[in-house]
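Pasting a structure below so you can have a look.
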Amino acid sequence: MSDKKSSDLPLGSEDAAENELWDTLGSIESTEPSTALRQGFYQKLEQASRPTLMEKLRALLGFSGNAGWLTATACVLLGIGAGQLLDESGGNGTDRLAALEQNVSMLNRTLILDRLENDSAGKRLRGVMDAAFVAGDDAEIARALLQRATEDRVHSVRAAAIDALGPQIGTPAIGKTIMESIVQTDSPLVQLALIDLVLRNGSQQQVDQLLKLAEDGLLFPDLSRHVLTSLKRDVA
Amino acid sequence: MNRFTFCAALALVILIGAATALAQQPQVINVPLSRPGDPIYLEISIMSARIEVIGEDREDAMFEVTVSDGQRKIVTPSGTQSLKGGGYSLEVEEDDNEISLDMDWRVNKVVVLARVPRHADVELSTVDDGEIIVSNLIGNLELYNTNGPITARNISGSVIAESINDTIDISFTSFDADNASSLETMNGDLLLGVPDGVGIRAYLDTANGEIYSDFEVEIDPSERIVEREDSEDGTSIYIESVIIAKINGGGPVVRMKSLHGDINIRKD
Amino acid sequence: MKTYLSLLIVLVLTAGISKSATPVTEEKAWTETYAVATTAAHLEVSNIWGSVRVRTGKSGEISVSVSEVRTAPDQERFEMSLERLNLDIEADSNGVSILVGDRNERWQRMDRCRGCRVDYQFEIVVPPNAVVDVGTVMDGLVDVRDVEGVVSASNVNGPISVDGIQNCDTISSVNGGVEIGFSQAPLRDCSIETINGDITLGVPANTSLDLTMDLFNGDIRSEFPVGPLAMPATVEHVVEDGRNQYRIQQLSGIRIGAGGPTYSIASINGDVRIQKN
């Protein structure tokens, strides 16, 4: 190869072999990317060169470079400090919440018990309806409800209390009282409530007892038929 | 019949008519209140009575009482005759705005119309061949009629109403949030009037009747029917559950229970 | 020896104790006659245990025959009963008033003598036109015959039998029957009431009477034809302890004959019979 350089290389070279090389290279087909791809490529290139959001943020917060590490470290320390502070009051917050819930629960309980003893039948009825939701978890409310169910002077309040006892019929003491009350009551409305309680929530044994009372004619006639119909027995 | 006999018979008829008219004339009593302007408590308990209580803007209580002829009979040589005249005793007592009206336990049918201050808690009770009607009261009502209907209109407060064999029809203008209401019967229908836009939570329980509502209701999820089969001895139970229905988002509790009757909640 | 002595002491003590706890009974009887000067002498007897019988005799005197049986659980209370349960008799020319016990502290004094009892049986003869007001409480009857004056009688646990009279004022019994027989048609109002006893009125066939009845249970039978009697309702207003009480009452009424004096009959559980004498 000649040492002589020409200013318009590669074209116009005086070396024949070099020219032949260039000619050969010129005969090789080169595929051209589509114009769409080219545009997309340049767009991507432009996008890549733009700073990302995180980069902008880092720049804004001074997290770039060594100063950024300092900033990050400071943030971590701040965070730990804030967490400690929150933990002291927030650990109290959880206790406070629990105490508040307990207070509300006690207030609710006191209100229910107070209503169950009220002179006004409407208030006692309201107390009975509220007690239905908590009687399963509160023995004192269940007892008060049972007292309304057996002793209230207003039959509707007694019937509502009987309805409210619901699953409590499974408790031996309550179940026994309920079953005894069925024939002792002189009110058809109260007896209806007792019967429905047994039909809906009673044990098999209690249902059998009820059926026997109905078959022996110890219930009000309409209610005997109600029992037999509900138990899919033939009504005489 | 000769003239003398005719005149005697006519005179007797006039006498009997006069006696009858006297027995049926209402007695009116105005009862002053110990604390005029304050709410009252009224209790009326009569074996067989049509009792109507109307709330008005007034500061005393007025009672109009009519007693039908009694069932007393006398055996005479000419046969058994009915004794004219009531043969009854009825007492009204007022003590510190608490008024009670009751009658000795004879079988005369009584009609009582009471006009009282609108703010009144009321307890009314009758057993046979009676009717209870209440209107325009603000307070807590207890209404008991064993064999007859109970009707109440324009009530603001709470109502506990019980009948065995007849219909209970109560219309509220508003409900007391602190009290619950209950309508219960064995063989009658239950009708509840609720103002448009007022919310209640209704507990509906009827074994053999239908339930109708003019309102759209949200039903609390619960099993509609309790159905149990015991394959060992073949015992089957099929009974409807209590339906808990919220009207207009819910509110004070109204319990409605009937064995054979329908339940109807209407928009007033 | 010591054993015999101890036994003897025990026996003596026992005898002493049982002697002091022995019920004491004493009986006596007497008759007292009181001069009365008025035309309508008054007789008033208020007994506790025993009967009161009244008959008519001669004018100008009231003769009282008394049979007394006094019992007490022991001597001490017997002595107490002598002081607290005796006859309080007041007599003057207008009449005689006899009361068992202290007129002012009757029942209080009795309470302090538990187990004490004094049965008095009275047989009294009065002038025919005497006004009689007699009564007893337990274990006795009231029996009045042929008195022309106004008769009042009361009994708690026994019967009342009044016959041959002309007029009554108040006849009342709790648990005994009441029988009243008139020798002539009554001319004045009378009130008759029982709780659990039957009432029998025997009046002459020509009687005219108005009867008002306040009855709960029981039948009414009349041997007379009856007509209706219009009884207007009455309204009574009473203020008691600050309470306003209104009582509306209407009685049943019947008329016998052309009507006349008003007899008020009240009974809870007794039958009423109106008979012809």
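Read from first to last, the chains carry the letters A, B and C; within each, the first residue is number 1.
Operating definition for what follows: a contact is a pair of C-beta atoms (placed from the backbone, for glycine too) under 8 Å apart; a residue touches a chain by one contact, two chains touch by 3 or more.
Nothing here was measured: the structure is a model prediction, and the numbers come from that model.
Chemist: In the chain contact graph, what is the shortest path length, in steps, from subunit A to subunit C?
Modeler: Minimal hop count between subunit A and subunit C: 2.
Chemist: Going by C-alpha centres, which chain is most central here?
Modeler: Chain nearest the overall C-alpha centroid, as shown: B.
Chemist: Approximately how many whole Å separate the CA-defined centres of subunit A and subunit C?
Modeler: 86
Chemist: Quick check: how many Å separate the C-alpha centres of subunit A and subunit B?
Modeler: Each chain's C-alpha centroid was found; their separation is 47 Å.
Chemist: Quick check: what residues of subunit A touch more than one other chain, meaning two or more?
Modeler: In subunit A, no residue touches two or more other chains.
Chemist: In the complex formed with subunit B, which residues of subunit A make contact?
Modeler: 120-123, 125-126, 128-129, 154-157, 159-160, 163, 188-189, 192-193, 196, 199-200, 204, 207-208, 211, 222-223, 226, 230-232
Chemist: Applying the document's contact rule, which stretches of subunit B touch subunit C when the two form their complex?
Modeler: 12, 15-16, 18-19, 22-23, 25, 27, 29, 31-32, 34, 65, 67, 70, 72-78, 81, 83-96, 104-106
Chemist: In the complex formed with subunit B, which residues of subunit C make contact?
Modeler: Answer in residue numbers: 213-216, 219-233, 235, 242-254.
Chemist: Of all residues in subunit B, which touch subunit A in the complex?
Modeler: These residues of subunit B touch subunit A: 121, 140, 142, 157-158, 160, 162, 164, 176, 178-182, 184, 186-187, 203, 205, 207, 226, 230, 235-239, 241-242, 253, 255, 257, 259-260.
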